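Shared chain: chain A. Partners: chain B in the first complex, chain C in the second.
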Partner chain A sequence: MTLLQDRAATARSAPGRPSYWTMRRRDHLTGYLFITPALVGAVAFVFLPLVLVVWYSLHEWNVLADTFDFVGSENYRKLAEDPNVPGVLRATALFSIGLVVLNLGLALVLAVLLNQKLRGTTFFRVLFFSPVVVSLLAWTIVWGFLLQDNGGVNGLLSLFGIDGPNWLRSGGTAMVSVVVVQVFKNVGLNMVLFLAALQGVPQELYEAARTDGAGRWTVFRRITLPLISPTILLTSIITVVGSLQVFAQISVLTQGGPGTSTTVLVYYLYQQAFQFHAFGYGSTLSVLLFLIVLALTVLQWQMRKRWVFHES
Partner chain B sequence: MSLKMRIFLYGLLLVLCVPFVFPTWWMITSSFKPNASIFAFDFAPSTWSLEPWRQVFTMQPFAQQYWNSAYIAVIVTLGTLVVASMAGYAFARIRFPGQNVLFLVVLTGLLIPSEVTIVPLFRMFNSLGMVDTHWPLILVPMLGPPSVLATFIMRQFFITLPGELEEAARIDGLGRPAIFRRIALPLARPALGAVAIFTFLHSWNLYLEPVVYISSQTKYTLPQALTQFTDAYQGQLWNVQLSAASMTAIPVLIVFVIAQRQFIEGLAHTGLKG
Partner chain C sequence: MRRTLAAISVCALLGSLTACGGDEPEAGGPVTLRMTTWSANPAHVELFNSIAAEYSKTKPDVSVTFEALPLENYTTTVTTQIAGGNAPDIAWILEGAAPDFVASGALTPLDDSIENTADLAPAATALWKKDGKLMGYPFSTSPFGVFVNNDLLKQAGQTLPAGADWTWANAVAAASATAAKTGKQGLVIRDFDYKEWSNLATVFRGWGADAWTADGKTCGFDQQPMVDAMTFLHKAIFTDKALPAPGVAADFFAGESAMTIAQISRASLLKEAKFGWTLVPLPAGPSGEYSVIGQGGLGVMKKGKNAAAAAEFVKFFTSPDNSTKLAQFFPPPRQSQLNADTLAKANPLLKPEQLQDVVIDGIATGVVKPSHTGSAEISQAVRSALDPMWKPDADIPGVLRGVCTAIQPLLAK
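== the complex of A and B ==
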């Protein structure tokens, strides 16, 4: 019998000798196994494509012509000189700002109304929230129908003797229409978040202010608004980042028109990459979109830090 | 509150209801109108016609498309629940080397909207021969950005669980996988519900991805199919389109009304964490 076999035999039979798989090592293995699918997914479908999109943005790449040539910063120069880009950025900013202002304003009004001691607020809460769960495309198509020149909105307006415009086809109203459709779709979500914040304001503060003789509006401005400002900031950032991803509404309602007045960045990216087959330039636009989202997220972190300071 | 105030508030609420109720009412009633009188301003059709509802199924393989959307959403939801709860649990409750770095890698997914990566993903799936199949619509949401948000939400939930529960289970001789399955998961039901609702709606509403990846009519999902009801001259067949839209929206609305509390709380929760 060789020495090795001998040793192995003693190791097996030795009582109480710890196995390699201690509880800690087994825990490590379980941890790695548990995160593997999420990690592989994040690398394959987020991290890697992000690196690739930067790489592609340095290439002249036309799928139809089957060209893929390294051109360095050529696409970025094209971006700076593209006559459509200022309009696209303007439309993107207008859409985002319009959406945030109208969405948060209406959400706040609805939340304050539903925070009153009234019967039936649950019913109204469900009703205002319902568009959030309605299929985005169904909602958009119905509004597209309503906003036709001879559609339901102008029908309603004509009851009051108002002659409404062709909402989606005239330059002045197309952007407003797209924003409003999106506001009604998602305002319920912010309304619920505001409602929760309002209910977290201590009643004593209101009572103290009332005894000091403060009016309704003063109480709202001086007590309610500051106390719910963290929620306002948070919802505004979520709404802005969400607004940068709007595609279906533009594609169904206006196709970016009239002219380029409603061509937001994602829609322009889609047109360049998948309609004009310019994948390289499309990638450059993707990088631009990423940088904008990144800047807004960093801004959010900075602002969050500031509130924590305020709260402590 | 004075009676006058009360009446004023109810009046205001009722006016504000118009943009939320009117579209749904108009969608359903107009879907029963013939296309010739579709723009007549009637609160109910003068003659009810079932023809548009029938045409939805003759113009496109709508039942097939409905099935596509449903089965994709169900697989994505179940898959996300498995992936996100396992990873969320490991990041919250298990200590292992490199944990924080790996969590950061996963979290980058929260920073990157899926629109940014659509070009490279299209090329990836193209070289794998998966364009015009349902694979991109299943794999990307199940493992990519929305699943990252789900992982984050599950982690935030599991972190709040008291450690004593696991200690007790350990002493009883349960291993990690058993603790996860028999103790942590049952406690996580509210978080799992929130993630399920959010993931299902996300998949059900997905539009840019199907438009980019899918080109055969039998493989369309509902959002894509809804836009395709046109006549021979590319004119929109509003009544057929609205019938199809009604069929897409009404089942979800019914489920919502039944389980409104779970929906509202779940979506508000995921919204905040996003």
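== the complex of A and C ==
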């Protein structure tokens, strides 16, 4: 029975008295039923863990000793006094800034280059996008081998008489290496998003600008950039949030070293919770991570009015 | 309530990492025990399965599964399983994590579950006791020795120093010369990789150095013996090029280095070796001859679902008969079995004198690798603080003072 027939039947069954199941209510019910599976997933895997993590952060939870004691704000006081936290936040900021600037910059340059009507662009599009579909761990492990002191990268450099550094073991290059490995992994995704945006810019605007005598750079700055700014906003939010969640790359390539130079926040909270068995303090660190992600996303969302074309 | 919440949330967060849930045991019904291990070696698994199959003959209701977890995340994975309400019934425990497991009360005492406990070597059980009770059974008490690739040494025109000449200085000289002549690596401290520093105990014990005092309260890294040992090691790495530099991978068992420091249980990797090899004790250091032991214990988890059945299986698994079988891979803690005859039957790859020199004498005189409560956090702090040492122009005493600054507050906890 179709929905309309169903409604008609319901209406006929109660002449004179309005049914509880009005069309509006039925529509609402149908809508809720449709989103129920996703909602159950979100509650079980997002909201409940989020609430529980805040709850755990108020406790000292030692899994081995099976103790779970309420300690109030003790973990937050520990967080404020933890001598490792400033270094961890610095490493996190360095990674995020490096990744966002390099990733978005390179993705935009590649998208502009591959948006030209030249032979071979399809090949290069596939080439730059292919790392996106490679397993993250496999990608990282292979780069781990390449970046060893006697690995492929230094082997290549030695062909040109260059004595390459020990990429993953020296403080100066470890962070750069991790960032670059991650940029190469994901730059293809942002490139494709930028390409789609570039192809959505109406050609007549370019023609009009050129007729008015605008040069290439002016056209790019005054026409292209404003019109793809919604995509820049989207990719920057995705990349910033993604950069704050980096884990596998650090775990495989550097384990947070040398020293603590690549110990980013997620890796530090993993160490605290799962290696040092301090689940309470680990939860406190995840609350901090949540607040940072929230603050940055709100900030970017607010700033969109200033620089995103369709929002002003 | 809390456990349920904990289980739900950890399952939710780590659903892909841990197998949450599982069946509650039925009173009197069939029981499946789960033992976590860090060995997926087919020969080991085959032996464990055969012991379990034999056990099932007398206890048809009990079956045992062995879950091999990756060594590098072993303790983390077991802890996560416990947090998720899915504790294994029996778990192997690494010596580094032993103080945490033993002191926390996570394990069931095993005194009644081990046959003839008087036979266990006191040096082997020291780490596994709490208030006089045996909390874990050190099924593997495996001394470190030096495996030598005779072919590579010969190719480089080197002879292996023997007797009183088998010292660290001579060992490094031979390794350095072999590396220079053959283009392979000299001496590899297996599994150290400039991260797992506790394996350096196989070197610094030769100088009488300790990571911390016996009571675990005071850092030993800034003491003179440690400074001397690390200065020697640093020179061996960066000046003599006797050890692979940081970030350089080399596997002795694939013929890529002249020597390696490893536990004797690694001998099984040489079954099909295409080169001539020998096994000798650790070289003597300035403070004389010494030995270092790596241990693996097994314990019955209090939070496992079948603790009583697990304790019974442990009794069978560790019985003198099965201990003899396990001895082919894991040197047993039973003194009655620590003789060249018993060990030779189980270790056909090793010669009786090698077993006597490295295994039997090693276990009698050896010290276990450094361990401490909160060892994961301390290990991490040491690793980070030691990192500045692994470059050619390092300020060695300064770095070692930095290690003590980093770990002293943790040791004092």
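Everything that follows uses one rule, which is that the second predicted complex is superposed on the first by the 261 of 312 C-alpha atoms of A that agree within 3 Å, B and C clash if a C-alpha of one lies under 4 Å from a C-alpha of the other, contacts with A are read in each partner's own complex, and residues count from 1 in each chain.
In this section, contacts are C-beta pairs under 8 Å (C-beta built on N, C-alpha and C of every residue); 3 or more make two chains touch, one makes a residue touch a chain.
Keep in mind that what you see is a predicted model, and the values were worked out from it rather than measured.
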Remark   = Of chain B and chain C, the partner touching more residues of chain A is B
Task = Name the contact category of A:Leu110: first (chain B only), second (chain C only), both, or neither.
result = first
Message = For A:Leu168 in the superposed arrangement: first (chain B), second (chain C), both or neither?
response = second
Task = Tell me which partner A:Val192 touches in the superposition: chain B (first), chain C (second), both or neither.
result = first
Ask   = So, does A:Ile97 touch the first partner chain B, the second partner chain C, both, or neither?
value = neither
Task = May I ask you to decide whether A:Ala295 touches chain B, chain C, both, or neither, giving the answer as first, second, both or neither?
result = neither
Query = Of the partners chain B and chain C, which touch A:Phe279 in the superposed model: first, second, both, neither?
reply = both
Inquiry  = Just checking: does A:Leu225 make contact with chain B only, chain C only, both, or neither of them? Give me first, second, both or neither.
reply    = neither
Task = Go through the superposed model and pick first if A:Gly257 touches only chain B, second if only chain C, both, or neither.
result = second
Message = Quick one: is A:Phe124 in contact with chain B, with chain C, with both, or with neither? Answer first, second, both or neither.
response = first
Query = Which parts of chain A are touched by chain B and by chain C alike?
reply = 44-45, 48-49, 52-53, 148, 150-151, 274, 279
Request  = Show which residues of chain A lie in contact with chain B when the two form their complex.
outcome  = 26-28, 30-32, 34-35, 37-50, 52-53, 56, 109-110, 113, 116-118, 124-139, 141-143, 145-146, 148, 150-152, 155-156, 158, 184, 189, 192-193, 196, 234, 238, 241, 244-245, 247-248, 251-252, 266, 269-270, 273-274, 279, 282-283, 286-287, 289-290, 293-294, 297
Query = Considering the complex alone, what residue numbers of chain B touch chain A?
reply = 1, 6, 9-10, 12-13, 16-17, 19-24, 26-27, 30, 39, 41, 82-84, 86-87, 89-91, 94-97, 99, 102, 105-106, 108-109, 111-113, 115-124, 139-140, 142-145, 147-148, 151, 175-177, 180, 201, 204-205, 207-208, 211-212, 222-223, 226-227, 238, 241-242, 245-246, 248-249, 252-253, 256-257, 260, 263-264, 267-268, 271-272, 274
Key: chain C residues touching chain A - in the complex, by the definition given at the top   = 2, 5-6, 8-9, 12-13, 75-76, 79-80, 82-83, 100-101, 104-106, 194-195, 245-249, 302-303, 374, 376-377, 380, 383-385, 387-388, 390-391
Ask   = Once bound in the complex, which stretches of chain A touch chain C?
value = 44-45, 48-49, 52-53, 61-66, 68, 148-151, 166-170, 255-260, 271, 274-277, 279
